[in-house]
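By written order: A, B, C and D. Residues from 1 in each chain.
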Amino acid sequence: MLDLVILSAVLVVCMGIVLGLTIGIVAKVFEVKQDERIELVEEELPGANCGGCGFAGCSDFAKAIVGGTATPDQCPVCAEESVEKISKILGLETEPNKVKKVAVVLCGGDKNNAKFEAGYNGINDCKSAVLIGSGVKGCKYGCLGLGTCARACPFNAIEIKNGLAVVHPELCVGCGKCIETCPRNLIKFVPETVRIHVFCNSPEKGPAKKKVCSVACIGCRKCWKNAEENQIIMKGFLARVNYDFPPPPEIVEAAGCPTGCLRRTDGD
Amino acid sequence: MAEGKKTDIKLPDPSKLIVSSSPHLHNGSSVRKIMWLVILALMPSCIMGVYYFGFAAFRVLAVCVISSLIFEYIFARMMGRNNDWKDGSAIITGLLMGMLLSAGMPWWVCVIGCFIAIVFGKQVYGGIGFNPFNPACVGRIALIIAFPKMMTTWVPTRFMDKSFFVFDKSLLSPEKIEQIKGMSHLPFFHSVIDGVTCATPLGVVQTPFKLGTATEQLVGTVTDWQHVWQYAIGNIGGCIGETSAIALIIGGIFLIAMKVIKWYIPVSYIGTVAVFSTIVHFSMSPPALPGMVYQVLTGGLLIGAFFMATDMVTTPMTCKGGIIFGVGCGIITCVIRNWGGYPEGVMFSIVLMNALTPLIDRVTANRPFGKKQTSKTEA
Amino acid sequence: MSQEWLAITIGTILVNNFVLSKFLGICPFLGVSRKLGPALGMSGAVIFVMTIASFFASIINNFILTADISFTIGSYHIAGNLIFMKTLVFIAVIASLVQVVELSLQKLSPPLYASLGIYLPLITTNCAVMGCALENAKTGRGILYSTVFGFCTGIGFAIALILFASLREKLDLAKVPKPFEGMAIALVTAGILAMGFTGFSALVK
Amino acid sequence: MPVTVRLFRGGVHPKEGKELSCSEPIRTAPLLDKYTVILHQHIGAPPKLLVKNKDKVRKGQVIAEKAGFVSASVHSPTSGTVKLVNCHGPAGSHTPAVEITSDGKDEWDDYVKSDPDWEQLDSNECRKRVEQAGIVGMGGAAFPTSVKLSPPADKKIDNLILNGAECEPFLTADHRLMLEEGEKILTGASILGRILGVDKISIGIENNKQDAIDKLRETASKYSVEVIPLRVMYPQGAEKQLIFAITGREVPSGGLPMDAGCVVQNVGTAAAVADAVRERKPLIERVTTVTGKPVCNPGNWKFRIGTPLSKVLELAGGIKKQPAKMLLGGPMMGMAQYSLEVTIMKNASGVLLLDEDEIAQFGSQPCIRCGRCVEACPMSLMPGTLSQMIESEKFDLAEYTNVMDCIECGSCAYVCPALRPLVQHMKRGKAEVIANRK
């Protein structure tokens, strides 16, 4: 019995030496210089070669990260520290925390108070709808309510309420995915602390807006008069909250917006 | 703008107009219409099946259709597509499932088959239009793997000469019988050995051929014209729906005439089987494998070629692709039938070619108009 | 003779497909089948590695492991063979072989490396290669026979992988319900594909 | 006479519906008190406005001038006073327009007078007159004609094709024009031929308009124009399909007809060119079919550019019952309208009202891959697959699968049993691909 144990030990040792030498020699002979960061990144990756990132294994993924075609967080297995370490290797400093920003849909025209001029029959998608008759909503700047932004939101923070997209600020993490989906450019990033908005985005003249929407900003300037200078900015017939220097929430009651376009979001 | 107020001329009310993308006309076709035409086309062979196998066949068909509809309804609703079950596709899957089973099948096997077909064959992929495999084929294959004995035990028709295709042990020498018994783990042998009721001609006849034990007598029996007529009208053992060749061909031609299916898949499929089996039949030293007429008319080839290989969702879109699909199915069917472990290869061949469909689609995509000026025009 | 070769080819590619009927090499089968392009690369790499791995493994098996050893050192008399070491030996040999191949390809043929190279390290963990070598050792096949077997196994793997990748690409367009998204539906599909391949069972005895 | 019938691949054959208006002769609409002329009526850069509020203009006076190479001038349809407004455009958005309140005199501007020596003009002068007249493609695309007439030096144009196919169902404007003003069309054709210096001029007409074919054949040889009957199949009148049917050449993917050595002009454009060169008349009116089952008196009218749809429908006697759709253009490619403010533009070949039972009702069923769209697509694309890609927002894949070759003819959606709004998907896909390229 012992003899075979010894023999196996000899075999393993021999094999180790032979194979080790072969690899060593081959590695020296066929050495190719490559970006050393790739190796460093690869070390941080789990090395399971699971393919979960969509690349063929960890080393391919590491190359993609260094090449800039992938981001470290694409790896479903990596711990957060590794992701951070990888970012450091690449010199991608995570930005210092700023004031949290959330998205808000600057339109108040739902099915009841905004006019739809005709029936729409087509894809249930805002981006497709604007290609057909510019969307059939009377207001050419208002929310179409077909929910493209809601589907784009990975956190289910946008709800379509009666044909109007509404962001739930407590669910919104500020990833900004919805902003580029809106064909009307209605979604804006605002500081989370500001809970007062002018829910209108139409630059048209007051009477024209009034014709198609009962909650449009008609440019009466009541809020502007009641606010301190620069807290509300007037752009033609459209009032805008100055998010860098927001007016106090009480201004809503003080101004008494005739259409209810200036509203607080913390009340409801 | 000025409205027409001065006269009694009526103008359209804009708010009642519908806005949609062009085109504003449609030829009136619909998925539901297609599905009901297929159901209609399946009717002749269903009726023939019920006629031959009696109430038992009707029971199997009914269980399959109803359970398919119920599964479709439940799962489509669970996945938020409330109207899916209405389009009739579940009825087709159910009917096909039933038609591919023996009339003596217990009800719970039917239900399991339909569950696999509807849920794993279709609903988990997102319902109609997204399933890569033909649901009925998936259900049937799952059953043949799970219940091999049941799936290869057949009920004779009401009008059959009971001894007609019952395996006749006298055709074989005693040592051959021993040899067969030794191989009875193969899925189709028990029916042979036990002589249970009746085997499908394909199963029973191929066994001796595969073992090289077929005698002149058997070859004679198979190619007898009187028997060919029996295959054609369906007075043979087998599944409920695959027996009557004539009824299936009527249904298939109806679908082709109604432009629901394209002619090239069934034609290339059946044609390949015919050519392939003829070549094999004549190229091998006797006793050879069963000949062309026999291969085409018995077994699930016709129902597969007309109703399953033509399923739009799982087959290539172009004509070229369809022909490749049909030829591939034909070759795989013949290979499995003649040399494989299963007596029937139609379902396997369709599932395998379904798996190839994305690749075929990719290879056979039409040349877009105006791409590559060098190639010849194809008006 | 030719029938024997036909049997081994058909048998390995269709009937005893390593992926779909022996369920070996599932890791790359599921991992690298998202897109057809990488699947093609992986297939090429697997065929390549399996062929040479089978070749080397069978050399080692035939000349070292199965060789009867009998000699005396001092008072010890050693006799027997080392066949029980095959798993360990094959692991080491295949792993280092892959390394060597990868390193040399990177230098010698950058285009080939670009298309295969990134898949090579993945193969180290591919149990199908190991399975192939062990299968050869178990049946005691000759070197040529083993190499052909390895090559055919690779082809079988490639066919399964390419089919599966094209199916998954199609599934990308499907509206798969949430609970079945991703790997779940891929596994269901693989299952159905495997069921389809059972049709070839008993094709070759 | 040999009957040559040419065809392309794919296509569909919707019910024609032309019988409603094809026997109605062209009537000229009376002078209205107000016209609203949209400034940007063509493909390309918007023109530069030349008038201001309360200006007096005369009929034919330039109110906005061509700005840029691909652009076209716009002229006043009558004499009167100008007011700048924003009006509801055919694409649904509000667009700048000039409202002209007629003074009732309907006086031509001075430069508009017939030129007896027009036959002596050289090709440059002819081209200049076409450009000044603000002529754009009147078949529907509204591509400025002067641009088509100025091909780059390296492109050899040897074929001029007049498009009299009028493959859109319901429309008969071109048909009537060919019957009634055949001479003018042929004159225009020979002028266009002279400008381009082509050796061959042909006019393709679908053979459901046999009377127009016969009529034009009578005199066509005098103008060395060949009349070619075409099989009735939609979209026979699409540029690329027409070129293929007549010359057997394929316009390369992403290319223009000039890349196949051809220029295609609508018959209406040819007539406008004849007017512009012979009489220096700018493009201020066009023949438009007003039709559809709900219309009281379907017919063909010569409307001035800027006539609102409310007036158009009034002239046609109003409606019998509420239509489900109001279209500008034909039923296959026309745009659905929902405002009576929308005006007749240079490319408005028809105003069509459709009943509820006629229209396509799109749904959101999934594609069942039946392949009918693939068979119908005249561009040999895979509309069903493309729409799936676009639905799952894989735009780069769609671009790779040639979504940009789609001509939005609507054949695919016409045959789709799943009632998918395929053209809308294509529009979305093309818009996204263009956005990505920028």
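Note that a contact is a pair of C-beta atoms (placed from the backbone, for glycine too) under 8 Å apart; a residue touches a chain by one contact, two chains touch by 3 or more.
Being a predicted model, the structure only gives us computed values, none of them experimental.
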item	value
Both-way neighbours, i.e. chains that touch chain D and touch chain C	A, B
Distance-maximising chain from chain D - centres being C-alpha averages	C
By number of C-beta contact pairs, the top two chains	B-D
Interchain centroid distance [CA atoms averaged], chain B/chain D, Å	49
Centre-to-centre distance between chain D and chain A (centres being mean Cα positions), rounded to whole Å	42
Inter-chain centre distance, chain B versus chain C - centres from mean C-alpha coordinates, in Å	35
Sites on chain A at which at least two other chains make contact	117-118, 121-122, 131-133, 136
Where chain C touches two or more other chains at once, by residue number	173, 175
Touching two or more other chains - residues of chain D	92, 335-339, 361-362, 366, 385, 391, 421, 424, 427
Touch-based graph of the chains, sorted into line, ring, star, complete or other	complete
Residue ranges of chain B touching chain D (in the complex, touch as defined)	1-4, 7, 9-27, 29-31, 33-34, 87, 126-130, 262, 312-315, 317-318, 361, 365-371, 373, 377-379
Complex contact set, residues of chain C against chain B	36, 162-163, 166-167, 169-171, 173-177, 180, 184-185, 188-189, 191-193, 195-203
Touching residues on chain D, where the partner in the complex is chain B	7-9, 12, 14-15, 34, 36, 92, 169, 240, 244, 248, 250-255, 294, 308, 310, 313-314, 317-320, 322-327, 331-341, 353-354, 358-362, 365-372, 374, 378-382, 384-385, 402, 405, 408-411, 413-419, 421, 423-424, 427
Residues of chain B defined as touching chain A within the complex	14-21
Interface residues, chain C side, partner chain D - complex	172-173, 175
